[in-house]
Structure formats: structure tokens, C-alpha cells
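Both complexes below contain subunit A, partnered by subunit B and then by subunit C.
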Partner chain A sequence: MNKFTTYIKIGVLDALEMRFQLLYWLYVNMAPIIMMTYLWSHLYAQKGEIGGYSLNMMVTYYLVTRLINRIISTYAEERIAKDIKEGRLNQYITRPIDYMTYKFGERLGIRAVNLIIVIPIYMILMLILREYLIFNFDSITIIFLSINFFLSLILFFFLAFMIGMMAFFMVETHALNGLKDQVINLMSGYLFPLTLLPEKLQEIFSYLPFTYFYNFPMEVYFQRLTTIQIYQGLGIQCVWIIVFYLIAQLIWQQGTKNYEGIGI
Partner chain B sequence: MKKITRYIKLYIHFVQNCITRELLFRTHFILSFSSRLLMFLLYIVFYQVIYRSAVAIGTLNYDQGLLYLSVFFLIDTIGFMFFIKNFSTFPEYISEGKLDIILTKPVDSQFFVSLRYFSLISLFSIFPPLVLFIRQLIILDIALTPINIVLFLIFMGTSLTIYYSFWFITNLILFWINRIDALHEFFVTLWRFMQFPPDIFQGVLRFFFVGIVPILFTVSVPTQAIQHLFDLKAISALIIASIFSLLISRILWKIGLRHYQSTG
Partner chain C sequence: MKPIISIKNLVKQYSYYKKQPGLLGSIKSLFHREKLYVEAVKGISFEIQPGEFVGFVGPNGAGKTTTLKMLSGILYPTSGDVDVLNHKPFEREPEFQKQFALVMGQKNQLWWDLPAIESFLLNKAIYEIPDALFKKNLDELSELLDIKDILDVQVRKLSLGQRMKCELVAALLHSPKVLFLDEPTIGLDVISQNAIREFLKAYNKEKGATIILTSHYMQDIRRLCDRVIIIDHGQLLYDGTYDALHTQYSDSKTVEFTLANRVDAKEIEVFGKILSQKDRTFSIKIPREKTAEITGKILEKFQVDDIVIHERDIEEIIEEIFTDKKMRD
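Presenting the complex of A and B:
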């Protein structure tokens, strides 16, 4: 009987682990949005509009940008660096496989599965914050956003790929990845809408790739841009994709020259 | 007294050992420091953006706001310096059974798992918030007397005790549920709420940060003490919370050890 109780206990703990992990993800995703909602509610109590944004727009901004982050982040850096450091790259370079394409496909697959978990979490969040949220189901906007997400996904992947490949030249790439994250946080509008910054800075940031990750899609979402401005934005993203691709190729060529291929 | 001296000597050895190891990777060290510095600057920009919009956080003006932010980062960085590496290693101790070896050592196990590693990068990262702190003291023309300096240091100590205790307690979940990714982020996510003054948290969240995870006054009390401002209610809450949280952390550690399954 004692043994049987232990088996039941193991079963309960196993089930709890999965549920706890889900609750934990919900919490990690929810907490920053709740924090920002409290902050901006406090600020909007003093002023009805800040930087052209209402409170509802601001809360929507934080929720949707966090969701976009879950869609476009590939988190490929660590895996690529590990492949290089541990010599696992051998199995790719000795076969007729393009490593970059392989990794991109692999990350797309992983992202797709992750989204199955993330989307219900965000639906719960939307339910909690529903009185603040602004919904936009305009079909043209959705098409533009889909194109933007796809281009951002590629850009984000190239960034991750470049950081990961630095493992060819450095022992530890973790800090470089952290630095990249901070640059993105500052210039992409992840921490706050870029419309709150001075206009000159906004103009400079508009030529860089980062603003197209979060600030640009939110401007599209709120229909604050003209069609020409949207095309321009998507065009700039395409140019950056070409630039990043060329840089990534260059690092790959230099890196593989350096690569010792432990275990080949 | 002899015991305390022995533990201090042991801790000095831990620190020396970690410094030697961290200095081996200088590029990583510089990049990590840059990343922390950029994050700090990012929050200064965020505060500037808020105050540029002609709104204020709570009753604080811009300079008081920055003083508050500098104290938040001082506690955060000191906390990271002592604990981040230890608490991120926690899953290895429990899930992989590495705690077995620690339990056989002639040293208090809670002391060992909490302080074995030291972050040299965080030690250097103290300087930017410290510079901001001194700058704000000068701008706000705050007179430094032995009383406000000593009280500031005492309250920083009590705040760090709460910070440590709750971070430690949240990690103990691993004794019961040992498959949670990045559990050490659990407390850090909550702690980040404190980068904004307590005034913005009302209702349920205020109750939560006073009664359940009592971190609401951890930044405000030391910040007020250095400005010769004393809120007796908040001070009492902070001191009681620090004593109880440390006691609870000790009790839960002992209970957790009884549930430890020694996987190794």
C-alpha cells in the first residue's frame, strides 16, 4: 500500500511539474505587462494623452509588442554557439547541407510549436486586460503586419546567427548576446513607444533595422502610417536583410577558416 | 566569534577563486559590463521620457525619481553580485544531485549554496548607479550627516536581506518540482516592479507587495533615509519583513532538505 501511495505521489508531482511550468510561463509573460499597465495608468491619471498615445493604446502597445517578441525571436544564438564550441558543427559541414538554411528552418519549427503554448497564454492576458485593449482586424493591416513579422523573423535570425557565429572567434558569446538585447530594447521601441523620443532620434532610428521589430508594426496596427510609409518601412527592412545576409556570409567564411572541427 | 571569522575567511576564498576565474575571460567581462551599463542607461532614458511628457511618478520630481532609480540599481547590482551565480546554479544542485557533496562539507549548506559564487562583473557594475546616486545627492543638495548615512546603510542591509530571502525561497520550489526552466527569474521578475516608486502600486498589487512578498518599501525607505525623511510605518514594515523573511528562508531550507531526493 505504501509503495502504491508513493506511485500516486510521483504521478501527482509529474502532473504538477507540467502545470507549474505553464503557470510559470504565464507569470513571466504577464508580470512585465501588468507592471507597465500600473505605471501608465498612474501617469495617464495626470494627463489624457502622452506622445500621441492614449492609455488604451499604451496598454495594447505593451501587450502586442510582447506577443510580437514571442513570434519573431528565434533564440538561435546559444544553439549555434554551442554547435561551434562543442564541435557539433562537423555533422553539418561534412554533409551537403547549408547550415544557415538548416538552422533557420529548425528555429521556425521550434517557434511554431512554442506559439501553440504562447498564444493561449496571451489569450488569457487579453481577457484580463480586455477593457484596455484596442483590437484591429482590418484585413489590409493584417497583411502588412504578416509581411513585417516574416521580415523581422528573418532579420532577428540573421542577428542571432551572427552573434552565435562569434563563437568561432570568442570563448563566450553570452555577454555579446546580452549586449545585443539591450541595443534592441533601446532602439526598437520594446521598452516604450519611440514616439516619446525627440523627433531627431526617431528619424535616426527609422534608418536602423531595430525599430521595425516593434515600433513600426505597432504604428501600422494603430493605423498611424500612410500606405507609402508602410511600403518604405518594409523596403528598409528588406535592405537590412540583404546587409545582414552579406555580413553573416562573411563571418561564416572567416569563421569556418578558423574552425578546428574537433572530432572530424 | 571564531565561527564568524572562519566563515569570513571561507567567503574571501570563494571571492578570490571567482575573481581569478572571471578574469580569464576578459572580453566576456567587458561585454557583460557594457550590457549592464546599457541597461542602466536605458532606464535613465525611460525616466527622462516619462518626465519629458510632463507627468511625474508619484510625488517624486525628476531628480528625486533618479535618486530612487539609483538606489534601486544599487540594491539590484549588490544583490546580483552576491547571489545571481548561486541562484542560477540552484537547479544543478537539486536536479542533478550535486547538493550531496555540499551536505557532506563541514560548512552550513545554506551559506554554501547562497554564497559560493561571486560576480565580479556586478562589482564593477555598482559604479554607474553609485555615480548617479552621488550626482543626485549633489543636485538635490542633500546634507550628509553620520545619522542619515548610518540609517541609509542599515536600511540597505535590511532591504538586501529581504531581497536575498525571497529570491532564495522562490528557488526552494525546486525541492518539490524540479523541472522549471530559469526559475531564478521568478523573483527577479517581481523585483523589477520596484524600479518604480511604491505610489504607482495600488489595490491588489499593493496588498501583495506589502503582505505577501513584502518588497514594496525596499527601495523607498533607504532613498528616504538619505534625504532625512522617515516614514515610521514603512520602516517598521521593512524591519519586520527582513527578520521574518530570513527566518522563513531558514525554515523552508530545512524542510526542503528533508524532501531532497539525492538524484546523484
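Presenting the complex of A and C:
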């Protein structure tokens, strides 16, 4: 554990060195949400409900999913691909350190700093948009959501790790990463609530890991699921974590075997 | 004694894809890529005993870094055996990794945006160094390398020399038994080079650490290494003591002289092989036992402004081994 907390600390320190990104974060987080709220309120002027979602639910959905995104993304893929391409991986594979654990810790540290900056921004946003929002402070819901976020964070990291590791086999991983983001955006409910989709499709999606990133926690938040359904969802997430972990290990083993320690 | 490092018929073949230039080439390569191989290390063998300080020398592209990468477990060998500290390096076992360190002069392992001390603390956690030992080692190393007052400065603000010293400290905190140094003095000024050399020498003597060092600076090899291994094009050219190398190839000396008048090179050639000529200054190679005789003749025949006789430099010797080899091939 001492090792792992040191990894987190390194990430925290590194992120603190980049405080100047604050203004950028401020903009990235606030502007689209305010604009979307404006847009939705016009769309809803004629209709009271779209796909079972009221205006307030829609705005809440949009805002909270952005916040979840801040919590669960690690943005590790580029750093991992760079480590491999530029030969910095050498220093990890020659030391008694598990690269995956290390990167996870470091990314947690970096993201924690990001969150500390982002959370006040969201509190301000919630204050501004309070008339459009649905609040739910039910403690059971919060516990379920925390578990879900934690599992999503791990899943997100494994996905990033796998994409980053593709640098073992190809020169350019940007396109692949873009593709992954597209798939996630479409199937996770990041762009719109999946309840707007046909039932059949929703059922298929419920076996895939993506919907548990955004759509599922929002359903939990709006208390539209039974406790059984929630346990089921969290269980499916756990299964996917195991699957992703195994695939990641396999890619790592193949990759480091072919790795040529580029540079110098 | 059982060797601490031993490699046998070690081969490393890199594979890469041929890429034709231009857009058309890129499009073609989408459908068909020609795989090419380059054999960077072609079956070399040697054994190193505990406590040895070995200089690993060769021209650019000789395969030095590739060999060090196989010794430290970054690369899987294509064939052959490699054994370091009774482990197969490519298995990357933690017990093995805790006993060696690799320092590359052109790559840094320190965190760029953080003070060096943070990277040291990270290594403390990685190598599970006990508090007391960490403190002792850090004090000792930072004292020896004189970096006490820069531990809290962001690494990217340090000079190259200071950074290299910090790299060394980071690599030695866990008291490795085996140390691989790939061009640790590259780009440093004479003073920093000296400081690092002195330090390495003392470290090898006091701790009995086994060290393999590559360098293009012959001073490094001369001052530090009892034993020299020379490779070129992935093949072993020489393995023996520095002194033997020096004696073996020092059956000749270099005479350098400046003449008062312009003289045709042909007239000089009769005394010995011309190594270099610059205007009226010549440098020729002569057999050791004929030194007095030939210099006498030169002084007799020409009006000489200046004359110096010196032992041949190790650089020249290595160059000669390489050219001899090429002529034989």
C-alpha cells in the first residue's frame, strides 16, 4: 500500500505543477452545460416530455453525466502510448514495479487534483441552474453511485490502458482512441439518455460495459431501478472488470515481449 | 569464482517494416509491408566476475546499447543465453530487479517537473528501501556527488551535469550489486565528467559493485576500466585488460613534427605511415624500437621547428583494430 500511495502522490504533485490549466477547465466545464440548458428549455417549450424525460430530468441528466465523466475518466491512453513510443517504458520494466498499478495510481492522483478544482465549478453551475435541476441526496442512492463510479473508474482505466498499449503494435494510436471514444459516447448514454432508444437495443446495451458509465448511474439517481436491478448492474460491471483485466494482461505480455526498447 | 554476468552466443535481431517514401509509398504499405531484419548483436559471449569494472566500447551502431538492454531485461534475446545474478533478465523478476540498476545518459528516469527528491522517494517505495538505509544512502551519495542543495529544485531547471548526478543517486539508492551505465558522461563538461568518474571509481572500489560502462570518451575507459570489451557490427573484437590492449598495440609510437619548410609527403612516407598531415605538421607511426633511429634521421634530413614523440592513444588503437578488421574482411 505504501507503494501505491506513493504513486498517487507523484500524480498529485505532477498535476499541481500544472495549475495554470484551471481557466481552461473552468471554460470546458461550464460553457457547454449552460448552452445545452438553454437549448433544451427551448425544445421543451412545445412539449412537456421527451422519451419519458421532463426538462428538469434532461438538464440534470446532462449536468450530472458531465460530472461523472470528470470523476471516472483517467485520460491515461496518450501517456501510456507515449511511454511506449519514446522508450520511457524501459525505466518501468527494469524496476520492480507493476506498470499497470503504477499508472493507475499516478492517474488517480492527477484526477484527484482535477476533481478538487472541478467540484466547486459544478457547485456554482448547480447554483446557477438550480431551477432546472432535480436533487437527490438519498444516502442509499449515494452509496450505490459511489460503488458504480469506482467500478467505472477501473473499467475506464483498463480501456485506456488497452488502447495505450496498442502503441506496442502500431505507430499511431490516435485514430483508435477516437474510435473508442465514439463507441463509448454512443453506447453509454453520454450524448443522450438511452431510454430514447428502442427497447431491444437497450437490452443489448445492458450486457455491454458502456451503459454503466452514464445511463445506469442516472437511472439510479432518478430512482427508476429496483434494488435487484442495481445489484445486477454492478455485478455486470464486476464481470467486465475481470474480462478487461485479463485482456489487458494478455496484451501487456505480448507487447512487452515484442517491445524493442526504442531509443538511444 | 562464479561469474556474476555471463552471456553466450547472444543474438538480437530487430525487425522493422520497409517504408517507401511519399504518399504512394504510404498507401502501398497499407496493403503490403516488406519486413526487414537487422542483426544488431551477432553471437557474442563473455563472462564478468563480481567487482569488475568493464568498459564496453565500439563505434556508433555497434550493438552496445542493445546488449545492455538484453542484460537489463528490456529486450528478449533472439537466441543465446544471458545470465545476470543467476537470473534470466527478460523474466523481469522483482528479486532480480532489486539488485541492479540501469542508467542511460540520454534518457532520464527522474520526474521532469518535480524536484529530484520526489523521484528518490518514489524509488524508495518501489525498491522497498527501509527508512534508515534510505537516509544513509541518500546522505552519502548526495555528499559524494555534491548535490545536497539542489535536491529541492525542479529537475528541468537543473544543468545537464547536475541532472546526471541526480540520475546516478536515484539509481544507487537501493545499493545495486550490478550497474549498467550507457554513456553516463555524454555531453558533460570536463569538470562534471571528472566528478562522475571519480565517484564511479570510488563506488566500484568501496562497494565492490560490478559495473559495465559504455562511453565514447576514452578518458572514461582509461581511468575507470581494468577490462575492455570492444564490439563492432555486433561482433566481439577484443576482450582483455586495458593494459594488454595498450601494450599489444603500442609496439609503435607516434612522432609528430613541424618542419620549417614545405616538404612533399612522399619524402616523409619513407620514415613511417602518415597518420595525419596539416600544412607543415606531420604525424607518423613508427616501430617502438626504431624511435631513436628514425627521429635522428628526420632531424638530420630536415629543418625541424618542433618534434614530439608520444605513446599511442587508445582512440587510435581502437580505430586501428577496426580498420585492420575491415581490411581482413
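Basically, the second predicted complex is superposed on the first by the 238 of 264 C-alpha atoms of A that agree within 3 Å, B and C clash if a C-alpha of one lies under 4 Å from a C-alpha of the other, contacts with A are read in each partner's own complex, and residues count from 1 in each chain.
Note that in this section contacts are C-beta pairs under 8 Å (C-beta built on N, C-alpha and C of every residue); 3 or more make two chains touch, one makes a residue touch a chain.
Note that the structure is a prediction, hence the values are computed from the model and not measured.
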Per-residue contact with subunit A, leading partner among subunit C and subunit B: B
Touching partner for A:260 - first (subunit B), second (subunit C), both, neither: second
Touched partner set for A:200, first subunit B, second subunit C, both or neither: neither
First, second, both or neither for A:95, with subunit B first and subunit C second: second
Partner chain in contact with A:130 - subunit B first, subunit C second, else both or neither: neither
Contacts of A:87 with subunit B and subunit C, given as first, second, both or neither: second
Touching partner for A:3 - first (subunit B), second (subunit C), both, neither: second
Footprint overlap on subunit A, where subunit B in one structure and subunit C in the other make contact: 13, 17
In the complex, subunit A residues that touch subunit C: 2-3, 6-7, 10, 13-14, 17-18, 87-88, 90-91, 93-97, 257, 259-261, 263-264
Interface residues, subunit C side, partner subunit A - complex: 14, 65, 69, 72-76, 92, 94, 97-98, 100, 102, 104, 106-107, 109, 111, 113-114, 118, 121-128, 182
Residue ranges of subunit B in contact with subunit A within the complex: 25, 27-29, 31-32, 34-35, 38-39, 42, 45-46, 49-50, 52-58, 173, 176-181, 183, 185-186, 189-190, 192-193, 196, 199-202, 205
In the complex, subunit A residues that touch subunit B: 13, 16-17, 20-21, 24, 27-28, 31-32, 34-35, 38-39, 42-43, 46-47, 50-51, 170-172, 174-176, 178-179, 181-183, 185-186, 191-192, 196-197
